[in-house]
Structures are given as C-alpha cells and as structure tokens.
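Here subunit A shows up in two complexes: once beside subunit B, once beside subunit C.
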Partner chain A sequence: MESGSRDGTTEDLESLIATTDAELLRRAWRNEKAAPEILRYEKHLVDRIEGQIQLMEETVDDYTETGVDPLTVSLYQMDLDRTQFLLRSYLRTRLLKIERFILHILKTDELHERLSDKEKIFARRCAGVIGKHLDDSVLLNLPENYQSALRQSTTSEEDDMVLEPRLDTFVVCKAREYISPSEFQDDSNSSLSMDLILEMEPGELSFIPYRRVQRLLESGKLEMV
Partner chain B sequence: MYGRKACQLVKETATGEKGQIKPFNDDMFNQVIQECCSHHLELQSLFRNMQEEGLDIQTTRNADFYGALIHHLSLTRNKRCLMAYMYNRAEVIRSLRWKLGRVLPEEISKKLSSSEKEYLKGYSASLDAYMNDINLDLTVDMVPPKDPYIQVRVLDDIGEVVLTDCSANLARYSMHFLKRTDAEPYISQGLMEELVS
Partner chain C sequence: MTTQSEAQSSAFSAEEMEFVAEDELVDIVPNMRMEPLNMICGDFGPFLPQIAARVPIWLAVALKKRGKCTIRPPEWMSVEKLTQVLEAERDSEKEFQSLPFHYIEISRLLFHHARDDIPDIYMVRSLIEDIRDVRFHKVETSLETFDGRTSAVQIKSLSAMEVNIVRPFVMKALQAFQKLGGLVPESDPLPDSRPPEVDKAAKGRRTLRGR
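And now, the complex of A and B:
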C-alpha cells in the first residue's frame, strides 16, 4: 500500500516535470534537431520561454544586488544559461533548415506556414540573396532556355532542380503512448518495410524511416531522440 | 568527354575538408560555362539541319535528333554540377559567417568569387536583421554550457571593454574569469583561448 502511494507521487512528479515549459522546449529542440524537414514553429512555447528568461534575468540581477548567497545566484544563472542555450539552438537549427531548403519551403505552402512571421521575412530575404548570387554566377551565363533555378530547362515538366529534405531517412524515436499498427503512415510508392506490422509501446525506442512517423510526431504521440 | 570538367568541379567540393573552403576555381568554372554554350550552339545547328530537311522536331527520331538530345542532356548535367558547386560553397560560406563573424579574414576572403562576397554580405545582413527582430544574438552559446563562467587567457591586446556584469582590462596574456557568453565572440576570433583544467 505504502509503496504504491509513493509510486503514485513519483509518477505525478514525473508527469509534472514532463509538462514544464523547459521540458517542452527540450522536446521541441530534440525533435527539430532530428527531423529532416522543418517542423511547426512552437510560437506559444517560445513566447512563454522568452518571458521566463526575462523574469530569470531580473531575479538574478535582483539577487546579485541584494547580496543573496552567491551559490544560489550561480544556480539560477546556470538554469538561465541552459534555457537560453536551448532557445538559441532551437532557433539556429530552424534557420539552418530554412537556408538549406529555402526554395522548397517557399514554394510549398504547407511548409511555409510552419515558419514564424519573422522567419518568413528572413526566408524571403535569404531567397533573394541566394537567388541573385546563383543568377549572377551561373544561370545568366547559360543559354536562354536553361536559366531557371527551379527547372533544369524549359522542357522539364515540373520543378526538378529544387533541393528537398529526404523524408525516407531513418530516425530514432521514442513512443510516448501506445501506437497501434494502423496509425503508421503507409506510403505505397516507397518499398521500405511495408509488410512489417508495427506497433509501439510507451517508452519504446524505434529506428524507422521518418516518413512513416511524420504525422505521429506532429500529434505528439512520439518524440525524437 | 562531355561533362568531365563539371564533374571535377563537384569533386573539388566533395573531397575538401568539411567546413573549409577552397579557392574559387574561376578557370574551370568558366570552361564549363563555355562548354554549356557550345552544347547549345551544336544543339541549335542540329535542329536547324532537321528543319531544313523539313522534318518535325517533335516526332522525328533520326541521328540528328539523338545528337541534339545528347547535347541537351550534357548541358543540363553541367548545369546541375555548376549549381551544386555554387550551392555547396554557399553553404560553407554561411557556416563561416556563423563561426567567424561578419568579416572574414583576408586569407579566406580571397578564396571567394566576387559574387560570393556579395552573397556573404547579403546573407549577413538578412541574418542580422532577423536577430535584431527577435532581439536575441544567436551566434553566441554555440556549445551547451557546463559552467556559466570560464577561465580564459587573452592572446592579443584587446584593451578595456565593458562586459555584461563588469568591465575588464583585457591585456595580452592576462587571465580572466569571464561569463561564457562574453568570452565566446573573442574566442571565435582567436583573440582568447579557453583554459581547460
């Protein structure tokens, strides 16, 4: 009986920790780092984190001024530094993907909508700069029918020059709840392990093509490791 | 052989050390562009031949057509190689911007073509604008912090500077105990080194 109730409290504590903004940011950051494509911008989370960083900075300043125990101050400072690192790294990882797949993102509405407003501005500016650079150095020197950055030539029927993320790449992910076989995405045009019946228990690690867990990641049923 | 030069150009980026940039291969680059243009001339003259013989380009499948096709494919291949060359170099240039700051040292800067220098400037400007927008400097804090303060040795005379929590006289070879975020820009410019015990 006693041990049962103790287990209950640790579980409560764990679930409490798992839903703090710091943990949510860490999860968002890990997902963003591991996923090959750009994920939805966690607007509300980032807003909250920014508020907390400001609050923490003020607390640290206050404590330094009023001469609170230096150890306490440095612990707060450390916490602050970690949060700031996570936030910066999260935003950096996104920029890196935006830069790399810029043309693909700008011409795919669904991906473009995943950016924050400020990232959209950044993406447009970047696209302008790289576009001019490629035009000046390569494209304008080529014969007339071959000057598009999106198509190999005017005879191409679709955009066949745009760099896209490889969604078939394998990722390591962990289920956060039970996932039944029917929930995995089946992509009929890819031959990757299609007949394999899959299910995941909570906490189970899997090594799987990103494409098949894309939607599960979005709904938060699993996370990247 | 068609396409060989373009392939060498791409190999150059593939065999280079990661994150390092090689001098822009002006000579080879222009030769490939030339090759593209001559492919195009050949292609057009073959099509003219066919037209003079009164053949329909859409449906005729004779020697001239396949010749033209080869030229077309070589041209698109060259184009892909040229674009890959520029795109990969642009990626390295961006990573240099993150590592070294807005202004690259002379020995790296001279490896870039003039268009690439323009690109670096433009890219830097859009990155600065974005960081200004979000009011956060993203170029510091590149490694996960272990300790908020680190021990550093100054390698060059930096002089009196104001840091976030104090001002310090950063004389050459002096040692300091600084906030990591304050020290990082100096470390990346090679003006300081971190002392690891």
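And now, the complex of A and C:
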C-alpha cells in the first residue's frame, strides 16, 4: 500500500521534469546493477518501454516495406537495438540477483513483493528445482538433523545457510537534489559514522554504505553510478 | 554468466560505460537533408545541410561513418580549454576541475571515429592524457588519507571512468576498515597503512601454511 503511493509520487515528479522513458530506464538499470539487493520492479516503466519497442518494431517493418530511405531505417533500428539491450540487461541483472539470493527473497515478504509476476513464478520454480537437486544429491543422504537446505542442523536457531546480500557494502551514488544530514539512515552497527556530518549537494558523488542510502535511493533523491 | 557476475563486483564494465557515454549529446553539421527522427531515446532533427543539430554520440558516429556529417567537438575539447584545465589540475592538490562526467569515454569515441573533425588532434589527445594522469595521481593520494573512521567518502567531480577504476579497491578498503573498526571500537586512530598490512600478513601466513 505504502509503496504504491510512493510509487505514484515519484512518477508524478518524473513526468514534471519531463524525462524520457529511455532516461528513466537507464537510471533504473544503473541502480539495479550497482545495488547489492534486488530493487522494486519498475513495472510501469518496463510496460511503457515494451510498448515503445513494439511500436518502433512496427515502424521499422513499415519503413522497410515502403522503401523509406535505408539510412533512416538503420538509425531507427540502432535506437531500437540500444533500448532492447538496456531492457534485457536490466531484466537479466534482476534474474541474476534472484538466482543468487533466491531463498532469502522467498522467505522475506518485503523482497518478494519487489518482484514482477513473472519473476515470482521464476523464483518459485527455480527454488523448487534447486531444492530438489540439493535433496537428491546431498541432503537426503545426510543424517536426519542435517537435511534442511536452510539450516546447518536442527540445532541452529535461525536460517543460517541462506545467502543474503550484504547491505553494508559500499556503493557510489550521486545526489539528484540537496540531501540534509538527517535524511541519511543511521548505520546502526557502527558508532563511527555518527561523528561524520554528511550532506550532499546535487551532482556530488559519494562512496557510502548502501544501507545508509537505501531509502533515499527508493525515493529517487539519489542514484547509483 | 561468469562475465555478468564478474561485472557485478565492479558494477560496470568499460564497454557498458562507453555505452552510457554514447547517449551524451554532441553537435553535428549534416551535409544531407533528413526528416526529424522520433526515437525512443528522444526526438532529433530535422537535419539540413550546414545547419548544426544536437544528437547523441552514437547517432553522430553512425552518420559520420557513412560520411553524412561532421562532428563538432565539444567546447571543452579545445586546446585552449584543456590547457587551462590541466594547469588548474596541477595547481590545486585536492580539487578536481569540472569536466564532463564521461570525458574519458567521449574523447576516446571522438578520437576513434572523428579524428579529422578535431583540430590539433595530437595536442588534444596528449592534453587529455596528461589531465587523466594528473587526476588519477590525485585520486591515489587522496585514497591515502582514508582511515578507520572513514564511513563515507565524498568526491567532487570525479568522472565516471575514474570512479569505475577505483571502485573495487575503495569498496574493499572501506569495508575492511569498517570490519576492523568494529573489532576495536575505542582504539586510537591507526596509521593509514596498518590494516592493509594486517591483510598482507594474513595472506602471507596462508601461503606458508599451504606449503
């Protein structure tokens, strides 16, 4: 619910600045590539881009048939290729992350909700196949206490065999507007960060732990580089 | 698959950086007539002979390759401007001069595809190389000032390629500092070189054991 409304406001903001969808896709792609965890699926953006790609494909076909200047056609084709490359790379980066952190994503509702419908199906089926493979090849041959894919043994108190993204990893980000010190999230496990007063001017680059800018990234106040 | 996952550790490959830079705009002077292009990445044109138009670099290069236009090198790519930038870079020890975010990639693309459109190309090329060296040296020396208390680093006007080159190292170094800092929270600030040495020593030990 909450994410839905936030979605709406960022969308409005974007349309005010009149950025093209291609630019938005580039930003989404950069963010997705640089962030350690899976980000919210840009459903509306991807839908729009897919529409534009289809339209462009039809245009190119039309032009080829009607014999429009081959140079113009090839330029449109290049534009089409570039957009498709970006979209594929975006989706592939997501698949890679889903595969990598599959168990973590499936057991964390918040992350699971960030996937698209198709990605959810993929994640479930992929987890099924991997789970079956692990069971067949190793786990079922182990003593009963050690048969879980999630835990080292039944004595473990939590799921300690699930790979999670490292959120304290450093990322490079660029502020898109002025960010005041209070907007950065606290780095709960380290007192060191507190003595550093942090603010960002638009366009300024910083190396910073991902955890501290997670929400700023979501709200679009900064982007990854 | 491997390339994708490897690419993830440094986020972007050099080719991807170039791809991004190809969307930056340059001015071209067409020598032919062409209707406006309404593309996914924006609307460009109309193109009329001898009338400058602003297009993304990939489009400029495509037209240039077919001999349909000349590319006007951006203003910052003149000998005069670059000499100023180089001098300023040399004069100030910490500050970086502002250059386009993708100046390395853009200049490389133009050197490659439009060498006859750049006046004094050898001079321009060597100036850019010098600027790059001076800047990179500055990046390296500023890396030495990191210490265990560094929890975020701000850098003004570092370029895309420069960020990409130092990214893996800086990320690992800051992470190591954080980890070690977490172990001994109240110790005095250590000399800068300390943690890497510890790391080296640990590695040394490992190889010894291996033998």
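As a working rule, the second predicted complex is superposed on the first by the 203 of 225 C-alpha atoms of A that agree within 3 Å, B and C clash if a C-alpha of one lies under 4 Å from a C-alpha of the other, contacts with A are read in each partner's own complex, and residues count from 1 in each chain.
The definition used in the following text is that a contact is a pair of C-beta atoms (placed from the backbone, for glycine too) under 8 Å apart; a residue touches a chain by one contact, two chains touch by 3 or more.
Predicted model only: the values in this text are computed from it and were never measured.
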First (subunit B), second (subunit C), both or neither touched by A:E183: neither
Contacts of A:T20 with subunit B and subunit C, given as first, second, both or neither: second
Partner chain(s) touched by A:S153 [first = subunit B, second = subunit C, both, neither]: first
First (subunit B), second (subunit C), both or neither touched by A:E57: neither
Touched partner set for A:V138, first subunit B, second subunit C, both or neither: first
Which superposed partner A:I121 touches (first subunit B, second subunit C, both, neither): first
First (subunit B), second (subunit C), both or neither touched by A:F170: second
Partner chain(s) touched by A:R92 [first = subunit B, second = subunit C, both, neither]: both
Common interface positions of subunit A, toward subunit B and toward subunit C: 74, 78, 82, 85, 92
Contacting residues of subunit C [partner subunit A, same complex]: 4-5, 7-8, 11-12, 19-20, 22-23, 34-35, 37, 39-42, 58-59, 62-63, 66, 68, 148-149, 151-158, 160, 163, 167, 170-171, 174-175, 178, 181-182, 185
Complex interface listing, subunit A residues touching subunit C: 20-23, 26, 30, 33-34, 49, 52-53, 56, 69, 71-72, 74-76, 78-80, 82-83, 85, 92-93, 96, 168-172, 187, 189-193, 195-196, 198, 200, 204-209, 212, 224-225
List of subunit B residues in touch with subunit A within their complex: 33, 36-37, 40, 72, 75-76, 79-80, 82-83, 86-87, 90-91, 94, 113, 115-116, 118-119, 122-123, 125-127, 129-130, 133-134, 136, 138, 140-141, 144-145, 147-148, 165, 180-181
Contacting residues of subunit A [partner subunit B, same complex]: 64, 74, 77-78, 81-82, 84-85, 87-89, 91-92, 95, 99-100, 118-119, 121-122, 125-126, 128-130, 132-134, 136-138, 141-143, 146, 149, 152-153, 155, 161, 163
